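Here come two complexes built around chain A, the first alongside chain B, the second alongside chain C.
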Partner chain A sequence: MNLVTPARLLDEKAGVSHSGAPPVPRAMTQTQPILRIVDLKKTFDEFTALDSVNLTVDDGEFLAIVGPSGSGKTTLIRLLVGMEEPTSGEIWLKDRRIDDVPANRRPTCMVFQSLALFPHRSVGENIEFPLKIRGVDAAQRRARALELLDVVRLPQHYYDKRIQQCSGGERQRVALARALAFDPEILFFDEPLSALDFRLRKMLEKELKDLHQRTGKTFIYITHSLEEAMVMSDRIAIMKSGGFEQIGPAEEIYAKPKSRFVAEFMGEVNLFHTRDGAASIAFEDVSIDPAVAKARGLSPEFKGYLMARPESVRLLAAGEVADATADGVIESEYLLGSRMQYLVRLASGYKVTVELSRENRVSWEPGARTRIGFDLDRAHLIQEA
Partner chain B sequence: MERINQRLGALSALPVVLFLAAGFLAPLIVVAAFSMMPQKVFSLANLPDFSSYAIMVKEGYWESLLVSLAMALAATLILFVICWPLAFAMAKVFGRFTLVLTIGVVMTLFVSENIRLFGWVLTLMKGGLIEGYWRTWTGQSFDGLLYNVPVIIFGLVYVYLPFMLFPLAQGISMVPDDARQAAFDLGANRWQIFREVELPLAAPGIMVGCLITFVLTAGAIAESKLLGGRAVIVISDEIERAFTYGQNWPLGSALAVTLIGVVGTLAIFGVSRIDLDAIMGRRR
Partner chain C sequence: MNPSKGGRIGLYAYGILILAFLYLPLISVGFASVSQARYLSFPIRQYTTQWYGQALESDTVSDLLWISLQVATIVTIISMVLGFFGALAFARYHWRFRRLYQKLILLPIFFPQSVLGLALLMWFNAVGITPTWHTAIIAHLVWIAPIATLIIAIRAYSFDPALEEAARDMGCSTWQTLREVTIPLLMPGVISAGLFSFLLSWGNFPLSLFTTGADLTLPEWLYAKMVSGYSPLVPTVGMLSVAASIVLVVVAFAVSMLTTRFKRNTTN
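Up next is the complex of A and B:
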């Protein structure tokens, strides 16, 4: 089927010929940036929603942009799809600058948080919408819509179904199929799963990741849920008050956050600040043998936090050793399903979260004394800004 | 419990039903009955015939009906075109200024239609505001702008603007912003968004606005009398003259019944096509 796609329109304008060139398998191509954002800024009156951000996204990448509400992620995505105009800065799609191109002429499209399906159109007509706009004839449109129903795993007879008769998850799939019918260079998602219940969300997260792999398209996904970002994306960009705090693979951001904000945003964490005025390096709340600290290469000049994720901290048995230790009292216990979580109050009053697998559950009495500990190779240092 | 509720419901609806029956249905039945009486009688105690309807067809009264319907159609279409951008701005752009505009438009309804139309007569007539100033400045005279069909349609548009504007604004406010944005994002231009998204989603408001203006303008009389100077005779004018000057109640009734029949059929057809619940804000 030779549909005129926006990607193709763009290339033809740029003088790139599609004819003759055989398709190159993805694995053989050098990954090249599909999107480049340079010093992008957006202000609303006095308020700076986006403060000179820079970002490069590779072709075929799944990038999740995560941040608390008000961090500027929705503004960023609206600038990228063309619903807002930047105050300054540049957006490049491959070799073409697109920041002054209106949304309907950009080869990108977005799955809205509300999905924004057309309530007066059937499922099939919704999916066909971008093709109809492009003037594709009815038979071709229908064929493509049926294909896409298959891609998003909806039965073919849904073609004639009304949107109001579809469940939340089914509407998700329709919105996705409609976006795919547009055949965008980059597909944006503005928290489309946030309204769904937990189980359905989990299922669709995995399907979306799977779909990303099958289509090979570039996905940029906005969410405030870190878990969602970690399950699906190749890279995560953490946003805070109009800028990127850290960009990298999920594993790196989780294990090696660059700031306290990222560490805390990425889930539960225990942070121990360096103690001022100590002769060698020392931390509040936990004690570390200076010899061990030296052997592990902790610089005495370091100022900042020692970070230990709850799963890195253990409840020590009598005589058991660890690089960093502290005495405390178990305050409460939570069952998280496959894991157990303990809240331990240290002598200093600081509360440490400890997570164990359920098999390692301990028996405890309220007020029972215990020792917690963790090894430095499972901890991470965060330099203070 | 349900049965009690039903009985209470019927009971509380009773006064309105009685009022409508006495004030609306009864006169309608009387008019319908009179339309089937012989010519120029003033009592219903006669053998019914259809002479009035025959006269209506033979003596060309149907032309007045057609003129009225055509002018109503023209006024409705013009009003739709004029009011759409204004209603769109009221629903989506103006924000708080919408209230000022609403009050302004509603205020015009406080002044009698005839007085407002006389204002236009003074403006448009020979020696009036426009022609007078033109003559003073250029020394050339012309006949004034009154007494033709376009000026009647202008009058209809002027008087019935609020009846199109407000339902339309209501209809447009029912179009979700994100549906419009999604269409734009999916490649639609302004015209395609209008045709594919706004028009169908605002349809209930459009239908209500068009119906109200069409029904009212089809029965309008003052515009043709004051501005048109009987350049054409509208159906309401014929009805009035049959009842008063012509002293022919059955003929007037037949004309009225025909007008009600045509307009009523259209209204019922229109209302059946739209989702009134949606415009009332109830869930489907």
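Up next is the complex of A and C:
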């Protein structure tokens, strides 16, 4: 694969070397926020699509905004690129307020869900389009388009191809090249990979992340797919009914969700609620030695959930100990490729999901009794709102 | 699925019957136009082109062709422009009463044309306009502009509004978006709307009959001659009119074929 990129593509401000040396870690070079959203609100008639959200994005960051449909992520991105006007609030790009600047005068660009490639223009003409609008002459436009074909790993002869002759993956690359030709301060993505098949999507996710590192540009990517967000982004913002539920690095959001919504949105999870009326801290379905709970600093006043991801839960061998344990019956087994998943029904009826690597696969009979367990340092507490 | 032998014969017979039903009358007019006899009778005893010669030399006929051509051309141009903006308003903008307006605009297509013609004539009288071929243009537009709008609107509905948003996002002003994206994408619809407008105006009889006043368009003249004082020029002028329509359609096809091929050649 061709990893050489045209030097011009690399953003000097991002402090990225042009010699092909690995990029300087972002944290060392960027501190200034490129985008600041203050109390941004959007209502459609009676419906509040976006409820006073605040967000700061660093220069060169890859931020993924994730949420179920109807959570307001599309409204947010449309406000940011200027296709909708906010009801109230401010949008700042560096030190310039842009919420009343029309879309065509904003130095931002978006890759659409439908890609919005012009069917009456060739691949090359599509890529050159923003340059043409800016009045760049034909020869320069062509040279730049050919460079960008290289950047998105399409052969040069694609310049003359018609859009209709390109496959889904190739169209993605053309749309990306066109957005890069615009050379935006921030590049927005509105779920552009959602229509592709799994394998192609996985490949393009990695390429996009790679491209982000090479260009040093700020990417803001909206998606309903958590996996997509985790693979690509530096930070994830989870949206729920018009507001941010949690913003943080993928690792933090996965391991330390702030709410049950985030915990359940970020993949499979086992949640055990605190048991009311117990003398010391206790949870439904699992038992914890009070001494261990005390040693781990669990406050008796705590109300909420104890969360354990399936990969933190083990099937205990006879005599094996864990901080939290429960007895149950294995109900079913699923092969997830490199991992095995077991569904264990506890005495209370609650079903615990356990994931083991394939080498640790256990042999079991239907209805076989088992003991599950996990340690508290691999679990997380979610305070009830 | 392949039909059985009997089925195949049936299908062919059916096809031929339909074609005969559609084209035999027109073909017999064609024969009449080249028959020496004043009235059509089979078999044709003597073929002649004299009626075509006379028709082309006749001032009456050239006046008819000229008036019909002017009416159809002006109706076509205005219909294309009105249809273009009307379709955009339908398909691209959301406004109050849009759906109701949409239906009201398209309603004239379903009115009986003779009633529409009569209504327009009465209206012209009421406001004191003397009907001439100019007023016929207005009458044709009332019926044809909605059809043109409908044709272009179908095209406008079928393309992704994100294309225009993308153009705007990449720096296009409203005018640039129109020029770079909207017009090129709607063009096939505008061309077919223009073609339909011309043919519908060129062949229109009921609206013209009520609204041209003392002027005559080609279909009106054909009718007038049938009612009183038949002339052997009638089938000839009829064939000329059909020929003009065919030429227009063929030219339109050729132009669209050539432009697609030209585009393919310049981009490949």
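Following the convention adopted for this analysis, the second predicted complex is superposed on the first by the 355 of 385 C-alpha atoms of A that agree within 3 Å, B and C clash if a C-alpha of one lies under 4 Å from a C-alpha of the other, contacts with A are read in each partner's own complex, and residues count from 1 in each chain.
Simple rule for what comes next: contacts are C-beta pairs under 8 Å (C-beta built on N, C-alpha and C of every residue); 3 or more make two chains touch, one makes a residue touch a chain.
Here the structure is a predicted model, which is why all the values come from computation and not from measurement.
In this overlay on chain A, chain B clashes with chain C. Of the two partner chains placed by the overlay, only chain B lies in contact with A:Q164; chain C stays clear of it. Of the two partner chains placed by the overlay, neither chain B nor chain C lies in contact with A:A138.
Of the two partner chains placed by superposition, chain B and chain C are both touched by A:S114. In the superposition on chain A, A:A103 makes contact with both chain B and chain C. Contacts of A:F129 after superposition: both chain B and chain C are touched. Of the two partner chains, neither chain B nor chain C is touched by A:A295. In the superposed pair of complexes, A:A347 makes contact with neither chain B nor chain C.
Annotation: chain A residues 81-83, 102-105, 109-110, 112, 114, 116, 118-120, 129-130, 133-134, 178, 182 touch chain B in one complex and chain C in the other.
Here chain C touches chain A in the complex through residues 159-160, 162-163, 165-173, 176, 180-181, 184-185, 264, 267-268, going by the rule given at the top.
Chain A makes touch with chain B in their complex at residues 6, 81-83, 102-105, 109-110, 112, 114, 116-120, 129-130, 132-134, 164, 178-179, 182. By the touch criterion given at the top, residues 81-83, 102-105, 108-110, 112-114, 116, 118-120, 122, 125, 129-130, 133-134, 160, 162, 178, 182 of chain A touch chain C in their complex. Touching chain A in their complex are the following residues of chain B: 176, 178-179, 181-189, 192, 196-197, 200-201, 284.
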